[in-house]
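Paired with subunit B in one complex and with subunit C in the other, subunit A is shared by the two complexes that follow.
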Partner chain A sequence: MKLHTVKLHTVLVALTVQGAMITTPAIAETPEEQGLKVAQAVKQSNIGWKDSETSLKLVLRNAANQESTREVRSKTLEVEGDGDKSLSIFDHPRDVKGTAFLSFSHTTTPDDQWLYLPALKRVKRIASRNKSGPYMGSEFSYEDLASFEVEKYTYKLLGEKPCPAGTCYELEQYPTDKYSGYTRLISLIDKDEYRNWQTTFYDRKNSLLKTLTVDSFKQYQGQFWRAEKMTMVNHQTKKSTDVIFGEYKFGVGLKDSDFNKNSLKRAK
Partner chain B sequence: MKEKLFEFAVRRPLLVIFLTVLFVIGAAYGGSKLTFKSDYRVFFGEDNPELQAYEKVQATFTKNDNVAFVVAPKDGQVFTETTLEAIHKLTEMSWQIPYSSRVDSITNYQHTVAEEDDLIVEDLVLEREMLPELDLEKIKQIAVTEPLLVNKLISEDASTTMVGVTIHLPGINEVTELPEVVASVRDIRDQVLAEYPELDIYLSGVVLLNNAFSEAALNDNATFIPAMFAIVAITMVFLLRTFTGGISTIFIVMFSILSTMGLAGWMGYYLTGPSASAPTVILTLAVADCVHILATMMYEMRHGTEKRQAILDSLKINFQPILLTSLTTAVGFLSMNFSDSPPFHDLGNLVAIGVMLAFVFSITVFPALLMVLPLKVKLESERKADFMDKISHFVIEKRRSLLPTFAVIIVALCVFIPQNVLNDDFVKYFDKSVDFRQATDFMQERISGIGSIEVELSSGTSGGISNPDYLKTMDEFNKWIRAQAETDHTNMISDIFLRLNKNMHGDDPSYYRLPEDRELAAQYLLLYEMSLPYGLDLNNQLDVDKTATRMVITVKNITSEEYLMLEQRIKAWFVSNAPQFEATIASPSLMFAHIGQRNIYSMLTGTTLALILISVMLGFALRSVKFGLISLIPNLAPAGMAFGIWYFLDGEVGLGLSVVVGMTLGIVVDDTVHFLSKYIYARRNKNKDSIDAVRYAFNSVGRALWITTLVLVAGFMVLAQSSFKLNADMGLLTAMTIVLALVVDFLFLPPLLMKLDNDKNTAMTTQAMTTKES
Partner chain C sequence: MTDTFTFLPKRKRVDVQTLFTCLLPIGLLASPLSAETTFELSGKVEVEATVFQEEGQFTGQDYQENGSFAVEPEFYWGWNDDYDSITFKPFVRVDAQDEERSHVDIRELLWTHVTDDWEFRVGISKVFWGVTEFNHLIDIINQSDTVDSFDGEEKLGQPMIVASKVTDMGIFDAYVLPGFRERTFAGEDGRFRSGFVVNTDNATYEDEDEEQHIDFALRWSHSVDVFDFGLYGFQGTDRAPILRSATKNGTTVLQPHYQQITQFGLDAQATIDSWLLKLEAIATSSDDQEDYTASQAGFEYTFYGIADSLVDFGLLLEYGWDERGEEASSIAQNDVYLGGRFTLNDTSDTAILFGMSYDNDHHSKTALLEASQRLNDYWSAALDASIIIAEDSQDSFLTSLDKDDRISLTLERFF
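What follows is the complex of A and B.
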């Protein structure tokens, strides 16, 4: 799973020209153009990390406050010019232990996804049009977790708003995929580091559906920001999911050959 | 004290009118706070165990109030290009309904199929544009053989289909949310019908049920209240022959309704189907006080008393009986507080307030109004022999045969009371003129019932639903419950496992069986869940920990008793077949099935208490234990007889009817009070024997009783026209009870008095009793 890529919240490597342009937009720029620039800056801020490994724990809660946990390890490979490749291995609950999920995220075409079922000893390809369903029964959908690619949305900069990091851009995003579960998303992205602190999701009828809030970020290698803990609350069902990330390891030497159907079977 | 009050009302009428109007305006202002709560849940108190069980299930899974678009193409073929195109469009549009969280139809059904080593999970009809190339016959075969679809989203004969929308009202603004949904749903129906005139679309589901409650009440009040005012006016003008009296009565009634409903608003009440009938009931009951006061006053004036004195005399004579009858009526209605259903508490309390306010207005502003408005009557020297004389003559003549005849009739009718069956079918709460009823009947006839039973089956361990033992239990239960005559459809996760196992083995039909291994089952489920699109997830069937599943059994149109029996059978099945798992059985249908019985038991207490209270009040008022006891028969027999007759008219008793005994007790007692008090007055004060006393009672109150009964029956018959059957049945049964009460008071009570109160014990009674006039 590409959970590592919940990173509209990553940092701009340095003070790039792009960043400077956004802070002082040209007079004639439309909000749409401004929005696109913020999105590009977000993507730009998270380039060059090559590969990473981390673990994560999901805590699911229903309206009656019952809890359930899921544990996953995740490996990701950065792909230049396209979406990332990722491999997730499920550790908990026990009866899905060893199940592994491989996905190739793409910028414009539907993503490729496979699942390895150890009990069946088979790899199954998943119809990828359906990516707005719940991830392991949580309030996250695959769509929420897939790597951020500029081409997946069109944009509009709504303005600026105070946020935990000081001042944030308020960026509206419209999915380009017609099978998306959302009409729009509004993200709060801080002006200094381009981290995404909060996203509100609006469903197909444009009603408030969910809010994703990041509690804290951690910086790796002096440049890449990753969320440590975040919470998704579904306002319509009153269910919620917390995600707690483990330590990230970068540059662990993952190769393209670690991300194919054969490697999926071997994954442990 | 009270004489001073009457004097004041007559001497300073304008001031009294002014003060009253001030009070009424102040009270009525609260009416702006009154809102209508359109939710079937209002019928259940917070501590209702069935409601609690259901709320718990809903908190674990999801709430599922729904809208059902029942679509029937006129050519009887769902699987045509045009109809499927319409269904696809309707499905897409339904996602736009406010507060919708899920849309299920045959086109977006997530069909699973094996393709080489892949599991394809996709809408049965993904895009409208693809329809010309699709094999419609194949799609039809998939749909009508899929257990999740057939008899739920598609009829067996493929002639009718349903698009189901799950609605989750946030409950922030209870006044606007529901109408918003209904307006959107109707708009979508109209748009689809405009584009596809070859379709018929009916609207059913819980959301439409809730909406029907408020629409029925609004329609009722819009027609009934004017109708009742017309009846009051006609009765006054033609039977009492006074225009001023009619106008004044209408004012009293208006004041009573406005201030009661206004006070209800101030006190934070909200309206519901049953309590929305309060204005009609108050209107009916408030008239009686005025009739008695007017009748006496006009009698006095016809005999030459001047107006002012006639009013004072009438108030003096009537004060005690109308206070007593108002109190007993209020006590009768207050007995509704024992009901298990809160809307009936509200109805009882509102009517009780209304009746007491009507009493206060009748002795204050009513005489004031009569004073200021012009009123003239023709002098009458001699009373003509009328209908009442004929009746009293007949009763006295035939007393020896009337007594046993009536005793037999009463007993014979009461024998049939237990033959009535308990039934609270919320569909039948509405008559066939209501759209919701028509749509739901149609759906029942073509696809499935609206009622359901939900079973939450807990494995007790985290992830335990993948346990082969658990799945086997569910599958066996599924087979068993599907074989029951009451079942239309079941929605169970075990069916998905059967299908997935087949898909995972290259669609080999011999693998249409449950996975035998816990890990395998869990992994199938993970794969399947990850393949489902937005809104069509399994969260409505699985809890977060995968400890429990919710099974939904759609049930045919059956009675409450059949529901209760089915529930017992399901419980027994789990006790003997799966004692290791915990099964919670709940649903709105079961809530309604239980409430009738629960309510009857609690109303027994309430009615008994009302009976004791009213009898004590009567005993005190009549100052006689003996007459208090005798009065029990004419007070109780009418309701008993009415319920006996009900068996022949309808035979089904529910929530609305279980409150009738307590409520009518307070009303029918009025007749007995008036008749008995005149009888006793004649016995004690005029020293008449029982036969002459009966004649006296007929002559003095017969006419007033006749008129008030007429108004009451007319009022409750108006209520009986309600399209909301709960109110209609209550109205009809009450009207019947009131008619029977008059019959009993005229034909049975007098012979009974003449028998029990004969000369042998005359000396005793006359000695023991002091004078009382009423």
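What follows is the complex of A and C.
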């Protein structure tokens, strides 16, 4: 039980994107309509990747700059018309090695999540209610790592801003889930490839909480962009977490049958 | 966590030679086809120090401190992209006081073969069934290694042949269980035992095949929406023995007797918002004893991020019932369990669980505390404490544990 519910990183797809699609918002549209169009374009640009495997290394840093690391591998299956299915396996630290996490994320209903505890050989269905809780003690919460779905927020386009990729949309997002840890998020999304370069998070009291910054993206299969390294800084606690992604493998042939309680128990 | 009080320990080693003989043809059959074999070594070493509040009430228990050491490495070989694998997990514990607690077991020696929808497992392994926290009523496949862990959560490796099929209608598992493992019991110098030592060298069986009896089990489990549930049927040797009085070298001892049973069981959990609603139930029949039903049911409600912190607090309440009432071999015959679980969500994964039980028939009370924390990348520490207050001398088992209140500190090194 010391291994908490670890929400698997479904993707970070939220932070990736590609495609093109959105036309410049027409003058007659409201900022809310314009924001929704940007969000839809973000989602649209990341459709069709089917399945992927990658690894992540999290470097957790406290206010005194002391570091600890977490290593996770993840497999993700794209589900048409719903959230993704994902399986994460923990490798480090060693006491959580072999712990695995299965998640079926959904666009409008709570996610289904199961945790496998290898010492007991026990699979536990866990509540997905704790989405604002920290992921493996890091500055990322489970909801920060969940797959991006348009329905999870309402939107407002604030304007445009310079960003590392040139010009970005400045998009404000309001979580629709009452259990979200945020009142709003402001993201910078580049106009060419719909990649999310930076997100600022405001807590339930609408105070500045965290900033997520992506250092670099890598493009796969000539279309899908994935973050290579990103950093979350908590302004209130002065703690931070870096996430460094390994190489993504797409089209590895994952199937629905790779995401169930049997595959969770034998995850290596 | 803690099934703190279902037990009736017992011990016996697995016949290693038989098992290896069994596995040999499989090893040949499944010899690596692809050149790429992955090998991984992991595991843990632990040191445990226990202090009892007082000396025990029986001969051999005249000590208040105990120490022990355990090693559990895990060797893993995978091939065919891990669609085939062999896992070998031996276990050794050396205990300073109790020679019965010093023991060796093969927790796992298993070949697994996976296809798209099927999974086959042959060898020795462990299987967990169930949803409740204070009692594991339906967890019948493996024998409890009660000398290793007083709470019954440690299990002995069980020889098994399993076919498992994943379908849209859920997962179907068929088990053939050749070879029975006798329960481990504390020896004369061990704590957590009754006044009579269990003679583990002379168990008797209802079936003439004794520990060679082949048991069978079938299980169907499924997840639908917020519900996870399972149904099973089991036919074979009951894991919990009946303890009968006998004489050994002129002293009275308890002799385990294992009967044949047919058992049907159910487990279900509904996961709704912050609630986990849990139910386990069994119906057991045998030739020599009256048929009975038993159940364990309750809930866990979690308060997330209490007082704007990262700390979660879970409240647990369960009730254990057994139709046999005070005659039940199980301790959870009419018992209420209340517990709380703090999860700090810090970088050290600190967790604290406490629980209490109250026996409505005998008015006995027990309390337990389990706290754990990661010290660094390789070391973890755990603190466990338990208190038993037997109010009724009729509750003979708990009465014999009355002086076994203790606190244990365990240091674990993972590799």
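Methods note: the second predicted complex is superposed on the first by the 245 of 268 C-alpha atoms of A that agree within 3 Å, B and C clash if a C-alpha of one lies under 4 Å from a C-alpha of the other, contacts with A are read in each partner's own complex, and residues count from 1 in each chain.
Keep in mind that, in the parts below, a contact is a pair of C-beta atoms (placed from the backbone, for glycine too) under 8 Å apart; a residue touches a chain by one contact, two chains touch by 3 or more.
Predicted, not measured: the structure shown is a model, and the values here were computed from it.
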Combined model on subunit A where subunit B meets subunit C, clash or fit: clash
Which of subunit B and subunit C A:Leu115 touches, first, second, both or neither: first
Subunit B or subunit C, by number of subunit A residues touched: B
Which superposed partner A:Gly137 touches (first subunit B, second subunit C, both, neither): both
First, second, both or neither for A:Ser207, with subunit B first and subunit C second: first
Partner chain(s) touched by A:Thr99 [first = subunit B, second = subunit C, both, neither]: first
Touched partner set for A:Ala64, first subunit B, second subunit C, both or neither: first
First, second, both or neither for A:Ala127, with subunit B first and subunit C second: both
Overlapping segment of subunit C (options 56-64, 308-316, 326-334 or 398-406) - the one that collides with subunit B in the superposed model: 308-316
Overlapping contact positions on subunit A, where the subunit C interface meets the subunit B interface: 60, 62, 68, 93-97, 120, 122-123, 125-127, 129-130, 132-134, 137, 181
Residues of subunit B touching subunit A in the complex: 56, 58-62, 95-101, 110, 117-122, 168, 170, 462-463, 466, 504, 517-524, 526-527, 529-539, 542-546
Touching residues on subunit C, where the partner in the complex is subunit A: 1, 40, 42, 76, 78, 82, 85, 112, 114, 116-117, 119, 126-128, 130, 153, 164, 166, 171, 221, 223, 228, 269, 271, 273-276, 302, 304-305, 310, 312, 341, 343, 345-351, 353, 372-374, 376-378, 380, 412, 414-415
Subunit B partner contacts - residues on subunit A that touch it in the complex: 60-64, 66-68, 90, 93-97, 99, 101, 113, 115, 117-120, 122-127, 129-137, 141-142, 179-181, 204-205, 207, 236-237, 239
Touching residues on subunit A, where the partner in the complex is subunit C: 1-4, 60, 62, 68-69, 92-98, 110, 112, 120-123, 125-127, 129-130, 132-134, 137, 181, 255, 257, 260-262, 266, 268
